[in-house]
Amino acid sequence: MNNQAIIYALDLLGTVAFAASGALAGVRRGMDLLGVIVLGIVTATGGGVIRDVLLNDTPPFCFKNELYLYLAVTASVVVFLTPRSFERMNRAMLLLDALGLGTFLVIGTSKALQFNLGLMGSIIMGVMTATCGGLVRDLLSNQIPLILQREIYASACVVGGALFYFLHFTELPNTVNLTVSAATVILIRCAAIIKGWQLPRGQAL
Amino acid sequence: MNNQAIIYALDLLGTVAFAASGALAGVRRGMDLLGVIVLGIVTATGGGVIRDVLLNDTPPFCFKNELYLYLAVTASVVVFLTPRSFERMNRAMLLLDALGLGTFLVIGTSKALQFNLGLMGSIIMGVMTATCGGLVRDLLSNQIPLILQREIYASACVVGGALFYFLHFTELPNTVNLTVSAATVILIRCAAIIKGWQLPRGQAL
Amino acid sequence: MNNQAIIYALDLLGTVAFAASGALAGVRRGMDLLGVIVLGIVTATGGGVIRDVLLNDTPPFCFKNELYLYLAVTASVVVFLTPRSFERMNRAMLLLDALGLGTFLVIGTSKALQFNLGLMGSIIMGVMTATCGGLVRDLLSNQIPLILQREIYASACVVGGALFYFLHFTELPNTVNLTVSAATVILIRCAAIIKGWQLPRGQAL
């Protein structure tokens, strides 16, 4: 299996994991079947859609290849039918979520570089691809987005995105850059979960 | 009056109905005149604007034909001045809202098909055209969007969008497809209001 | 210093002021460092990004000239480290915010006119450029957007935008139009703060 195929497989896996997390949030808020599916789709594809709109690569990725949408709908329906089993697999879900995070980050940053964005733009596109789905999920559930307040999550993406940006301008093969950057995000995220790492908060006002 | 003109008339009627519903939400939350107008405009045009951004047909429809904006502003000002009369016309408002829902759905799905989207994409564009205005209205009023939790609303659009998609590939004239699909949405929505139909919710967690 | 340079300088100043207001909101809600930076960036650039997406001028301005992003990040970090000093400078912050409001308004309206939008579209693009950053800041902090309910804020922009639109079709030099319109917004906003002006609210329901 070559590099492209691995990225694609991880991308689909991340889509399923993100859709499941969105659907679970919908079930928790007492939403009906369609609400749960909408939350699943939005969480799984929202980040990439916003990135594609900002880069003007339309229609966004999931409308060009509807497999993403079918996967998100299927995952959401499964979660709707058996939410408790997903709650019990909490650890596995966190790991899948971390895999998705790293994959989405490198896909987003890599696309930004194709569109000739600079350092800040490339990091932001990567971070948005990885986190904006979850952010919209939280907005639609009427909560302050977790990524703005919780443990190391978006910040793992910032590190990975900056790393990928600089590796991109070395002579290393793209495969190495993608793998190293995605692995960095996944490892930081997993370590943060295990160790309970947090970013500093501001002084109380 | 030909088919185009009927769709256009229903589109304008739906715009007024959606603007009124947005303005009323603003009055209920104690917003000032401008806040009420903003909520009216957003509710009436938000779905179509998001659709046009995703399909990259810019500037969005209401900036090409400002009649939509003038109607939304006028409806909002009228609601601001006489909100109680609109509360009293609750039944009529629900019917107008259902008319708007069916019309916006077929306009959105039909445009998605012009842009060669697939089944999922066409349904999603139709549903977003019909419901995203109301969704943004609820976000701006700091509420969990009604369409994610209430009775049959967005789901009527899903049925109508799928129907339109399949009819589009038959040999039936477009007029028939548009009419049948919009009527299906409107009838399901009205029946759901009268009968109190609901979609199943997830198991409590 | 010519006209272009003055606008650009005010634009950068407004960016810093808006970023500081976003970052301060993040500190108040107990967000971590990254959350505060995200809120600073979004508040400073969100309005212009939405305008550029609607006008299809992509990638949006701050991805073409990353200085905006670097300024927003720097201002956010400074606020994160010394939030109390910014709280104490409340008056100065309000004045800077008003300067930013007027500048962003004329930049947005002027760009809409370049894209041949009409009266409503030009006003809306100006108002969105000036206020959507703050609106997204409030959404992400899970609050009803201030601009929908508070004192004269967006309405000062509506007046300035309409003024700029009409001046644009006179024979006056663009420098005059920009200056007069921006000054109008800033003066209305400052007067509203000092006098406590409010727009009428709807009748209680």
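Order of writing sets the labels: A, B and C. Residues in every chain begin at 1.
Here, a contact is a pair of C-beta atoms (placed from the backbone, for glycine too) under 8 Å apart; a residue touches a chain by one contact, two chains touch by 3 or more.
Chain-to-protein mapping (UniProt): A, B, C = Membrane protein.
These numbers were taken from a predicted model, which means no experiment stands behind them.
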Graph class of chain-chain contacts, one of line, ring, star, complete, other: complete
Interface numbering overlap (same over half, different under half) for chain B and chain C: different
Separation of mean Cα positions, chain C and chain B [Å, integer]: 30
Touching two or more other chains - residue numbers and ranges from chain A: 53, 56, 139, 142
Residue numbers on chain A that touch chain C, as the complex places them: 53-56, 115, 117-121, 124, 135, 139, 142-145, 147-150, 154-155, 158, 198-205
Chain B-facing residues of chain A, complex: 26-36, 38-39, 41, 49, 53, 56, 58-60, 62-63, 66, 69-70, 73, 80, 83-84, 87, 139-142
